[in-house]
Amino acid sequence: MAESIQAHPHPHGGPHAHEEPGFFRKYFYSTDHKIIAMQYLFTGMAMALVAGFMSYAFRMQLAFPGMHVPLYGLVTPNRYNTLVTNHGAIMVFWVAMPVLLAGFANYLIPLMIGCDDMVFPKLNRLSYQIFFLSVLVLIASFVVPGGGFGGAWTSYPPLSSRGSFSLTPLGASMWLVAVALEFVAFLMGGINFVTTAMNSRAPGMRMYDVPIVVWMIVVASILFMASVGPLIAGAIMLFMDQNVGTAFFDPTRGGDPILWQHLFWFFGHPEVYVVLLPAIGITAEIITVFSRKKLFAYKTVLYTVFGTGVLSFTVWAHHQFIAGIDPRMANVFTITTLLISIPIAEMMFVYIATLYGGSITLATPMLWALAFIAEFLIGGVTGIFLGASGADIYFHDTYFVLAHFHYTFYPIAIIGTFAGVTYWFPKMFGRMMNDTLGKIHFWGTIIPFNFIFIPLFIFGMGGGHRRIYDFTNFPELVPLQKYNVIATCGLLVMLVFQPIFLFNFFRSLFRGPKAEKNPWKANTLEWTAESPPPHGNWPELPTVYRGPYEYSVPGRELDYWPQNAPN
Amino acid sequence: MSAARPIANTRSAAGMPTGRLAVWWVIASEIVIFGGIIASYVMFRLSHDAFTAAAANTNTWIGAFNTFVLLTSSLFAVLGHKAAEEGNGPKAARMLYLTSLGGLTFLVVKSFEWTHEIREGFTITSSTFWSFYYTACGLHALHVLGGVIIMLIVAADARKYLELHRVELIGIYWHFVDVVWIFLFPLLYIAK
Amino acid sequence: MIESLLPQASSYAHRIDNLFSLIFWVVGFWFVLSEAVFFWLIFRFRKRDGVRAQYITGELKSEKKWITYPHLLVLVCDIFIIYGAITVWYQIKQDLPPAQQTIRVIGQQWAWTFVDPGPDGKLDTPDDIAKVNELHVQVDRLYHFTLESKDVLHSFSVPVFRLKQDVIPGRVITGWFTPTKTGEYDIQCVEICGIGHGLMGARIHVETQEQHAAWVAQNSPVSVAAASAPPAAQE
Amino acid sequence: MSHAEHTPHAESPAYEAHTHHPNYVKIWAILASLLVVSVAGPFVGIRAVTLITAFGIAIVKAYMVVKNFMHLNVAPRYVAYLVGTMVIFMLLFFAAASPDVMKARGTDWEKPSWLHQAPVAVPAEHGGEH
C-alpha cells in the first residue's frame, strides 16, 4: 500500500480506463470522497487492531507481572512504556480521529447535504496521503534503534526533549513528526469539511435542515482547527529541543516545561470534543431512525454543541491541577470545567427525551447507539470527580482517571464507530450485515467492557497510579491486584468476540443480502442515493424540502418523510 | 488525474465563493499556530531580562527594510487582484511576479541577515531569545517560500486567463503572511 | 468510600474523602435517575404492532421543560460541587499553615531522596539526614516539604495522605502535610519519568515522637563527618 | 459557529466582483509612513513611546491590511468573528499560561535559577531597559 502514495498511474489501465478506472486508481488514488472515507476507515480500523494488541500485551503484564505474554513475549519496563504511550496515541490520533472525524465526515457530509463530492477533492486525497505517511512514520518509530517513544502520549518535556532522559532519542522525534503530520492531514481535512458543509448544501436546505451529525462534524473540525495551532507551534519547539539543541522547555537553560503542558492541553482538551461530537452526532441519527421519532428540540442540541465548543477552550488546565500551576488558577478552571457539564448533560437529556413516545426497534445499530448513551453517562459523571480540583488532588494520574477517560473514549471511538459502521454499512457496501452476529458481537463487547473498567475505578480509588509496569512493587497495591486480574480477563473476553465482527463485516461485504436504497426507512439524503452510491452520488443532485427528522408525522401514511420528497 | 471540478465547489450557501471561504479557514488555523509561538515568546520576553539584552543585537534597519518589502509586495498582490477582477490576466500575472519578487527579496535579505548573525556567534542555541528568533522567523520564512511557489503557479495560469479567482486567494494568504511579519517586526526588532 | 480501601493518615485526608462522597451522592443520584429513565423509556416504548410513534418536536415550552428543569437542577448541583471542591483545594493547596518542620524531597530518575533537617531543625546544615527512598516523619507535626527535581518531571504522591504534587525541574514547589496515623506507607511517583518509573516507589514511616527522636539521633551524620557538602540539589 | 450567521442561501455562481476598489497606492503610502514612525519610535528613548509606536502601529497596520487588502470589510460578517475568535483564544491562552511561565515566585513555588542568576549564556545585563 506504500506505493499508493506514488503518483504513477496504474499500468493496466488499458482501454477501459475511461469508463472504469483500474483497481489501483479506483481504490488508492481516487479523489472520490467515498473512497477516501473508506481509506480512512480501514486504516483507522487496522490501527485499532494494532493498538488493541498493545493493550492486550500490557494488560497481561499488569495482571500477571513478569509473564511471557503469548504472541508478544516479555513486557520489559521500556517496552511497557512504549506500549502504553503508543496505545494512547494511536487510539486518539490514528483511530478515533481518522474513523470518526475523517472517515465519517468524508462519507457523510457530501451525501447528507446533497452534493457530488467534497469541495476540494484533491486536497482531500492529499490529506489522506499525508495521514498515511504519518502512519508509516509512526510504525517505523517502533523499530528504530532505541525503540519506540515511551514518554506517554502527553509527551511532557524534559523527558521527551532529551534522549538521555527518555533513552529513545530517535523514537521520540519520529513520534513527534508522525503526530505533526497527522495534524497537517486533519487541518486539510477540517478545512475541507467545514467549507463543504458551509457552502455546498443542496438547494432548499436551510441551516436547520442539516442533519445533526454534519453539524457535529463541522463544530468538531472547527474546534480542531482552532485548538491545534498552539500544539503545532509547541511541536515545532519540542522538535527543535530534541534535535537542534534549543531550550524552549529545558529549565536548566531558561526554558519552562510547564509551557509545553499548556500548549499541549490547550489542544488536548478540545480534542476530546473533536472526537466526541461526531460520535454523538452518529448517535442522534441512529436513535431518531430506530425510534421513529423527531429529534427532541433540534435547536437546543445545536446550542448545547456551541456551548460545549466554546467552553471547551476554557477548561484545559484541569489536566494540570497538581502539575505545578498557580493554585489560584485551579479555582477558575474548576468552575469552567463543572460548567461544561451543563451543555453535555442537556445533550444527554435531549437524547433520552427523544426516546419518549417512540417506537423503538433494537436493531444492532440502535443497540450500539443506546449503549453509547448508557456508557458515556458513566464517563461523564466520573469526570466531575476529576474536574473538582479538591478531589483531583487525590485522583490525578490514578487509574480512576484512566477508567474515566476510557469510559468516554471507548464509547466514542469503539461504540460510536460500531454504531456508525453497522448503520451505514448497507449504504457503504450495498449489502446488509447479519443482525444476529451483530448482536452477539454487541453483547460480547459491551459486557466485558464494563468488567474491564469498573474494577479499574476501584483500583484507582485505592491509589493505583498510571503507567506502572508492575504494581507488586508497591505494597499497598498488592491487595488490589485482583482488580487488575478481573480487568485483564474482561479484556481477553472482549478480544475473543472481536473476530465475530470482522467475520460478519467481511462476509457481509461479499455474501450479505443486497441492500435496497433505504433499508432503515430514514429521512436523510444519503438514503436516496444508490447503495453504494456511484461516483458523483446522484444522477441529478437532490433538492431539499424539509428537516431531517420528520418521522411519524401525523396524517401521513408513511412514518418517514425523506428530505427530498416534494410532498 | 484531472478530475473535473465537483458541483459542490461551485455552490456558495455561506455567501462567499468556496475558495475564499477556505482561505479564511486556513488563515484562522494559521492564526493559532503563530499565536501559540508568539504568545510563548511574549511570556519569556516579558519575564527575562536576558531577552532584552539579546534583542539589542538584532538589526532594526534590516527588519524595517524587510517590512517595507513585504508591504510593497502586498500592494502588488492587491493590484493583481484588482487586475484579475477586471479580467486582465496578463496584468494580474505581472503583479504576481512582482509580488513574488518581493517575497524572494525578503528571503534573500533574511538569509544575509542570518548569516551575519550566525557569524557574530548568535546561533539558535545561544539563548532562548535566539531560539525563538530563528524558530519564529524560520516558520514565517517557510510561509513566504510556500506563498512564492504557489504564487508563481497561479501567475502562470493567470497569464493564460485561467483560474483568475485564485489571484485573490493567494493574495489573501500573502497579506496574512504580511500581517504576521507586521507583528514579528516590533516583537523581535523594535522593542529593545 | 475511599477510606475503606486506604487508611486516612493525614489531617486533610478526610476532607478529600468527604468531598468524594459528596460528589458521589450528588452525581450518583443523577446517574441512577437518568439511566433508570433511559431504560424505562426503552422498555416502555418498544415497538409494538399498530402503535405509531408520537410526533413531538420538543420546541414547545410544555415539552421543553422536561429538559430545562433537570438542566437547571444540574446547575444547582454544580454550584454545590464547585463550592466543595474549591474549599478543599484552598485548604490543601492554596493555604500554607506555618511549618513546624521543613523537609526537602528530591526526585531524580528513578529514586527519591528525602532530606530531614536533623536535630537542629534547619536544612542545609551539616547534621541534615539524607535518605534514599525512605522518609521518616513524626506524627501530628505540621511538615512543609520542598520539591526539587534533578532531571525530568516526577510527582510526589502519598496515597494515605491524599497528597500529590508534581515535581518540576527548575522550580522549588512547597506544600504541607500533617501525618495523623503512625505506620509505614507507600510513596509513589505518579508522573511518567522514564524506564524506571514503575520502580520509583518509596516508603514513608510515620513515627511517634520518641521513635522519631531515636531515628534522628541514630542517623544524624555529623558524627560520620559528612559535614563537607550539604546533600544534593545545589545546582 | 460562523455558520449561524448566514442567511438562507442563494445558489449564486461564485466569483462575483467587488463593487469598488479603494486607492491601494494611497493605503500603501500610509502603511509605509507608519512603518517609518514605528522605526523612529525607539530614537525618542522613552520606553512607553517605543512600545506605543511599535505595537500600536503594528495593530493599526494589521487592521489596515486586513480591512483593505484582504477585504474583510466586504466579506460576510462571520469571517471577522471567526478571525476575532481565534485572536481571543490566543489571548485566553496567554492569560492562563502566563502566570506559570512568567513569574519567578508563585504562590507555592519559586524558580531558583531565575532568582540567583541570569539563566542563559547571554551576558547578563540586568536592568538593561532597552
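The first chain written gets the first letter, and so on, giving A, B, C and D; residue counts start at 1 in each chain.
One rule holds in what follows: contacts are C-beta pairs under 8 Å (C-beta built on N, C-alpha and C of every residue); 3 or more make two chains touch, one makes a residue touch a chain.
Predicted, not measured: the structure shown is a model, and the values here were computed from it.
K.L.:
According to the touch definition, list the chains common to the neighbour sets of subunit A and subunit B.
P.N.:
Output, common partners of subunit A and subunit B: D.
K.L.:
Compute per-chain Cα centres, compare each with the mean of all protein Cα atoms, and return the closest chain.
P.N.:
The most central chain here turns out to be A.
K.L.:
Identify the chain pair joined by the greatest number of C-beta pairs in contact.
P.N.:
A-C
K.L.:
Taking each chain's centre as its mean C-alpha position, how far apart are subunit A and subunit D in Å?
P.N.:
Here subunit A and subunit D have centroids separated by 35 Å.
K.L.:
From the C-alpha centre of subunit B to that of subunit C, how far is it in Å?
P.N.:
48
K.L.:
Return the distance between the CA-based centres of subunit C and subunit D, expressed in whole Å.
P.N.:
Going by mean C-alpha positions, subunit C sits 41 Å from subunit D.
K.L.:
Measuring from the mean C-alpha position of subunit B to the mean C-alpha position of subunit D, what distance in angstrom results?
P.N.:
Subunit B and subunit D have C-alpha centres separated by 15 Å.
K.L.:
Note the residues in subunit B that touch 2 or more other chains, in rising order.
P.N.:
Each of 11-14, 16, 18, 25, 28, 31-32, 35-36, 39-40, 43-44, 48, 50, 127-128 in subunit B touches at least two other chains.
K.L.:
Where does subunit D touch two or more other chains at once, residue-wise?
P.N.:
Residues 2-3, 6, 9, 11, 86, 89-90, 93, 97, 101, 103, 107-109, 111, 113, 119-120 of subunit D each touch two or more of the other chains.
K.L.:
Multi-chain contacts in subunit A: which residues touch at least two other chains?
P.N.:
Correct list: 198, 201, 226-227, 229-230, 247, 251-254, 256, 258-259, 263, 266, 324, 327-328.
K.L.:
Applying that definition of touch, give me each pair of chains that meets it.
P.N.:
Those chain pairs satisfying the definition are A-B, A-C, A-D, B-D, C-D.
K.L.:
Name, in rising order, each residue of subunit B that touches subunit A in their complex.
P.N.:
It is residues 1, 3, 6-9, 11-14, 16, 18, 21-22, 25-26, 28-37, 39-40, 43-44, 48, 50, 124-125, 127-128, 131-132, 135, 139 of subunit B that touch subunit A.
K.L.:
Would you pull the subunit A residues touching subunit C in the complex into a rising list?
P.N.:
77-78, 80-81, 150-152, 156, 158-159, 165-167, 251-252, 256-258, 291-300, 321-324, 327-328, 330-331, 334-335, 338-339, 341-342, 345-346, 348-350, 352-362, 370, 373-374, 377-378, 381-382, 384-385, 387-391, 393-394, 396-398, 458, 461-463, 465-470, 473-477, 480, 551-554, 559
K.L.:
Using the touch definition up top, name the residues of subunit C that touch subunit D in the complex.
P.N.:
Against subunit D, subunit C makes touches at 93-94, 96, 168, 170-175, 235.
K.L.:
Which subunit D residues qualify as touching subunit A in the complex?
P.N.:
Subunit D residues touching subunit A: 1-4, 6, 8-9, 11, 85-86, 89-90, 92-93, 96-97, 99-101, 103, 106-109, 111, 113, 119-120.
K.L.:
How about subunit B: which of its residues touch subunit D in the complex?
P.N.:
10-20, 24-25, 27-28, 31-32, 35-36, 38-40, 42-44, 46-50, 52-54, 56, 60-61, 64, 67-68, 71-72, 74-75, 77-79, 82, 85, 126-129, 165, 171-172, 175-176, 178-179, 182-183, 185-186, 190-192
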